[in-house]
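These are the structures in question, set out in turn.
In what comes next, chain A is part of two complexes: it sits with chain B in the first one and with chain C in the second one.
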Partner chain A sequence: MSLATQEAPMAAGELADLVGSATRLYEDLELKAVRDWKANDPARRAIGFLPVYVPREVIHAAGALPVGIMGGGDQIEIVRGDSYFQSYICHLPRSVIELAVSGRLGALDGFVFPSICDVIRNLSGMFKVLMAEKWVHYLDLPQNFDRASGGKFYRHEMATIANGVSALTGIEVTNERLRDSIRLYNENRRALADLQALRVQSPWLVPATEYYLLLRASYLLPPEAHTQMVRDYMRLSRTSQRHAQDNIRVMVRGAFCEQPPLGLLRTLERAGCYLVDDDFVLGARFIPEPLPEDGDPWQALIDGFLYKSLPTASKYDVNATKEAEVVQRARDVRADGVLLIAPSFCDPALLDQPMLARALDKAGIPYTSFKYAEDTGQFQVIREQAGTFADAIKLWGTK
Partner chain B sequence: MAITAGIDVGSGAVKVAVMNIDDCRETLSAHYLERIRRRDVMEVVEESLAAALRDAGLRRDQLDYIATTGDGDVIPWRTGHFYGMTTHSRGALYLVPESRAAVDIGALHTRAMRFDPSGRVLQYQMTSQCASGSGQFLENISRYLGISIDEIGPLSLSATDPEKCSSICAVLAETDVINMVSRGISTPNILRGIHNSMALRVAGLLRAIKVEGTILLTGGLARDTGLSAAIADKLKEGGGAGVSLATHELSVQAGAIGAAIWGAFRHGKLAKQQEATRGIT
Partner chain C sequence: MTTAVKDLSQDRQKQMISAHYAKLARAREDGRKVVYTFVPGNLTELLNNLGLLPVLPEINALQSGMRGKTGDYIHIAEKAGHSEDVCTYVKADIGMLKSGNVGPTGEPLPKPDLLLLSYTGCFTFLKWFELLKREYDCPVVMLHVPYQGDGRITEPMRKYVADQLRDEVIPALEKLAGRKVDYDLLREQLKLSALAENDLVWVLESAKHRPSPIDAYFGGVYYIGPIFTSFRGTTDAVEYYQLLHGEIQQRLDDGLGPVTPEGTLQEEKYRIVVEGPPNWTSFREFWRMFYGEGAVVVASSYTKVGGLYDRGFRHDPSRPLETLADYCMGCYTNLSLPDRINLLEKYINDYAADGFLINSVKSCNSFSAGQLLILRELEKRTGRSGGFIESDLVDPRYFSAANIKNRLESYFQMVEAKRARS
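Moving on, here comes the complex of A and B:
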């Protein structure tokens, strides 16, 4: 079959509506969706969390809605946020401060800041001062990956979160409730894994922007609603008239915290790259496999984090698995090349880059690297770089 | 054998090339150029492809690969997209086989590239986002001077005492031109002054990529005889021994031609991959 004779891809109305809903959630910096959810029951509470990973099951089991705070992207102008930070740090904390001081996070009743880097740690301190009337917790994720020490520590950390949220909702986190939450999030994990599989198999059915919007929706919707959204998307996408183009398949690494703007994803696809794997919104699939739904649910979460979570720059990599993972993953998803991207001034991502580059070099997998910020608006240079990278692979099989 | 179309969507015009390619021959079956003139780009693309196919006596469903370049990445029904450097290099090689470098001077950008005998880009440089030294800039100037674009080259060649003009900024250059007009400088001398300033930038780009041998001018301004003469002069002034500048009547189609050729290459490669997959299964 000739690729050239295929018709223009026309999104069916239903698919366009679904993507439109996800887009509205992405653009919802005022957290209207959360306000609406809370308005249905005045007793409802919502807890905001920063990237990369928090055990959302615990917050959910305490009767609250976990809501991801991913910054303002390219949608807000930073007016006051800049005055809180020095110039040589990434953009995310500035826009988070801007969201906070402009009242956009008012729908949230508490905040969890997981350990990522020093900047986010400091941000948690600022929130404690700025939001003195709200519950703010800095989640120190374990750096010892054994049950006896890291596991014990993490159990205590999760209990602190459970108690903090329970104090707001009046709902105790029982084992039964936590198992129910794990069950719901497992369904979500399965749906996201199926979506990823579809993307690897037929990347033209799952454009990068739509995949990304679906991931972002998982940080605003209750898990069961998001699972339904993902399942609906896959059904509609499979029956759409979208056809393959002669693009290269690329994997993206380095966007686990501050997120790239949608324009950047569009630019990469337009430059001839199908994104078949990435670490965007990583917390939504940090533990990709479903967790045990019986037995001790706390232990299930502990083991999930210690033994099943993905390697990433913000997690201590005691067994040096990142290098092997990036190579193996690129092979698994049949990536022709890798884009090592990083937010400007992101120490974890930039420190990992040389190590990942060396591993890719050794494996003979082409890669290229560039930096971005969540509010990057000019993509010409990235377009050129991605375009020449795609051409080099398509025509000569190298970078 | 593959029948392919290359579509080069520029800032000012859409260029289409239809090619018939087999192992030993690359034949240009038809080519078409349509200026966009503030119309919907997709309409212009559809119209241009239809015209080129009509000239080639082909239907769209007979095309094995539709390759886009330039801003053609907005075309959703393309088979594949190639970057401008890649396509202009390959197109230059098709038009002038001995060329080893090309300068693409379009409506908004100027890009210089050096390539090997297979068309692989070895090095490139381009102007920044400033519009100075671009076709759009020259078009604005021709409007101020009340002449048509086609008159620019011949008038520039008739200059006797070219006036100096800013080579840095389009805004300053436009101010320069207004001053020149008010000072009574003749139109040929103004135009040659502008061409000289543009040529200075082009020569700088070419020196930066260390060109040797034949350089082909491509893009919309390749047809501007005044500009090509000015570039040739600047290269000579810079001690450009072993460097020669070439133009071709189809230079403006270089991107579209290159895209069509690379499209045929990819078509063959994909067919081989499909065969190999069938063999395995």
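Moving on, here comes the complex of A and C:
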């Protein structure tokens, strides 16, 4: 039994309204928000993208709304999706296919599948077969982190996306338009960085579920609307009556693609963990720092990806620094421990785990690991595991 | 069935392989450097050109599988913290490493001096070498091979790979070898590659005859051995494929069916196209389930993972780097899913197959993700019967003989019934 089972008090008033809006967006698997946005102007187009990262600025500069597709979570019944995938393949693609074949992605005019793993890669081809009338593009992000080769190739990849989206919107991606988009997304980066800083400083003001819902909202809203939402949230949360509890501070790694259900996040908090850092919805903050707003905007995006993006399992670690990075990050966010979680059957996350675990071991940072699926519905075992972990840290840990 | 007769080509291949392992065993004494790299998109000609010795971890894994060692190796890897869910080739390799890295000849394999990471067709390769990098104190050289997402190789893709070869991979290999690439020699090697490729394609296409003189899956995995591994671009490989060509020609002239472990198959009852890798831990048993029913695999996708030559690609000595780039990008698992469907459809038609079968392996997302859609599409497009079985490459826990046999029997009955109806 956990020593602490407190949870952050529910949001109230305006804060509750804001969290309610974010929750409605999270639940909006029919993409009503996108339909509404498009309804304001029949020329509007929306492009869906899969985890982890795509340069949203390019899609935006071509006049389309980039919409993140993160699967169906625990919110949809998989009727047909399972018949497309063997039991030993992770859950995300089956819910994505379910969304597609049930017509829920109808508001989207095209799709970008970034290179992250073989499942997403092959899913891009499945979309080409199943949604032959839509523009479907596989984005090969460079694994060669050299400006001269990987950078050059990435420039070409981005140009292909720009042309593909422009063909749908009729809007050419000029340098000026791209710089404007970078500016908007930079504002969003700053807001998210501030939110993250607030969370590290006062995690009781930013409960994990609310933080998560805000991140998810960035995948449906235009950037300026989302930035406003994050800013409003921080203002309201700072003045809320939430107080610190006797929880441990944990950092989460391994949830960069298939997402844990909200219930799992709630469970972790109930088990006495404040989540002070994680890799949920990673594409929303993959390049955490603002990019240069003048000069060659394509180069800004290239350098952002090559040199400033966060470490993750789907990116090849050229200089074998991921161990040092995970340890450093845990220290920077003052994490008492780390949760190494991973979607079942996820090769990238699960093959990364032993490397991270060894690094944490060496650094004397406690960790525990478990698997989940986006539709996991039973949290008892996870609750006990996380509770025991939290208790052990409280009793003997680094606090 | 008649008694099995050892073919000369088979002996030749065995000698080549043993000679290679002998070189590896003596690598340290001989002062030769060792490069670990993967089969799809391998750069064998370049490595040989520089006198570097390749080790292919997938081949170690499959050979360990055939020798019945992978159950233990996987167990060791899982005890060391690797998940039950991930690719078993990686775990078999890690388990082997932790057990002394003993190769098939009983001698330990030399450690790598360099890890050449080309992840053609599979992201797990990235993780595999990230893990190995932490076991060995040696550099990694990355060759990013773009995926044919839109079903073709574009000029920027080709240039990207060729530039990486020229500016990064070759300088790193030259540094390791202590000498420069001999481009005249490379052109000669590529010429030899193309010669062997011609013969390999001829052999694989011989299956268009009735009866097919070869089994293009169970026999095919032996035929691709030299060209997919360390011998492409050598006279050894050219001679092996000439020998093989001659033997298959003889079988054709004699009207013989394929060789099986129990001799020549007497009656070709079913002509099947197979998608997906075989199972290695029960390879013979798996094969018997086919030839026991008179089923011959006339074409397979697995025999294209280390190079897809039957669409016309040949290594071209006149443009060495570009041709290596095209080779890397052209391997089967680097094709888009729609293109894989097109290729399999073409095989079913060109080889006059009665049906097709997918062996879906748990390990390999690169192959497996999307195979159920491939199944549907092929059934729809060809009207031929599709079968689906599940196993694994080297994890014996996932080879359920009774279950697979049942499924295959019902599948062949289905093919039979369909044939009777038409």
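We adopt the following convention: the second predicted complex is superposed on the first by the 386 of 399 C-alpha atoms of A that agree within 3 Å, B and C clash if a C-alpha of one lies under 4 Å from a C-alpha of the other, contacts with A are read in each partner's own complex, and residues count from 1 in each chain.
The rule is simple: contacts are C-beta pairs under 8 Å (C-beta built on N, C-alpha and C of every residue); 3 or more make two chains touch, one makes a residue touch a chain.
None of these values were measured; they are calculated from a predicted model.
Novice: Chain B or chain C: which reaches more residues on chain A?
Specialist: C
Novice: For A:235 in the superposed arrangement: first (chain B), second (chain C), both or neither?
Specialist: neither
Novice: Check whether A:24 is in contact with chain B, with chain C, with both or with neither, and answer first, second, both or neither.
Specialist: Neither partner.
Novice: In the superposed arrangement, which partner chain does A:130 touch: chain B (first), chain C (second), both, or neither?
Specialist: Second partner only, chain C.
Novice: Under the stated touch criterion, which partner chain does A:138 make contact with: chain B (first), chain C (second), both, or neither?
Specialist: Once the two structures are laid over each other on A, A:138 reaches chain C alone.
Novice: Identify the partner contact of A:83: answer first if only chain B is touched, second if only chain C is, both if each is, neither if none is.
Specialist: Second partner only, chain C.
Novice: Given the touch rule stated above, what does A:149 touch, chain B (first), chain C (second), both, or neither?
Specialist: So A:149 only meets chain C here.
Novice: Report for A:362: first if it touches chain B alone, second if chain C alone, otherwise both or neither.
Specialist: Neither partner.
Novice: Touch check for A:316: first (chain B), second (chain C), both, or neither?
Specialist: Second partner only.
Novice: Based on the A-chain superposition described above, do chain B and chain C contact any of the same residues on chain A, and if so which?
Specialist: none
Novice: Across the complex, what residues on chain A touch chain C?
Specialist: My answer: residues 83-86, 88-89, 93, 113, 115-119, 121-126, 128-130, 137-140, 142-144, 146, 148-150, 152-153, 156, 313-314, 316-318, 320, 342, 344-348, 350-355, 357-358, 371.
Novice: Over in the complex, which chain A residues touch chain B? Could you list them?
Specialist: Residue list for chain A touching chain B: 2-9, 245-247, 270-272, 380, 384, 387-388, 390-391, 394-396.
Novice: Using the touch rule from the top, collect the residues of chain B that touch chain A in their complex.
Specialist: 4-5, 60-61, 63-66, 73-74, 76-86, 120-121, 129, 262, 265-266, 270
Novice: List the residues on chain C that touch chain A in their complex, please.
Specialist: 80-83, 85-87, 90, 117, 119, 122-124, 126-128, 130-131, 133-134, 140, 142-144, 146-147, 149-150, 156-157, 160, 163-164, 167-168, 336-341, 360, 362, 364-366, 368-373, 377, 390
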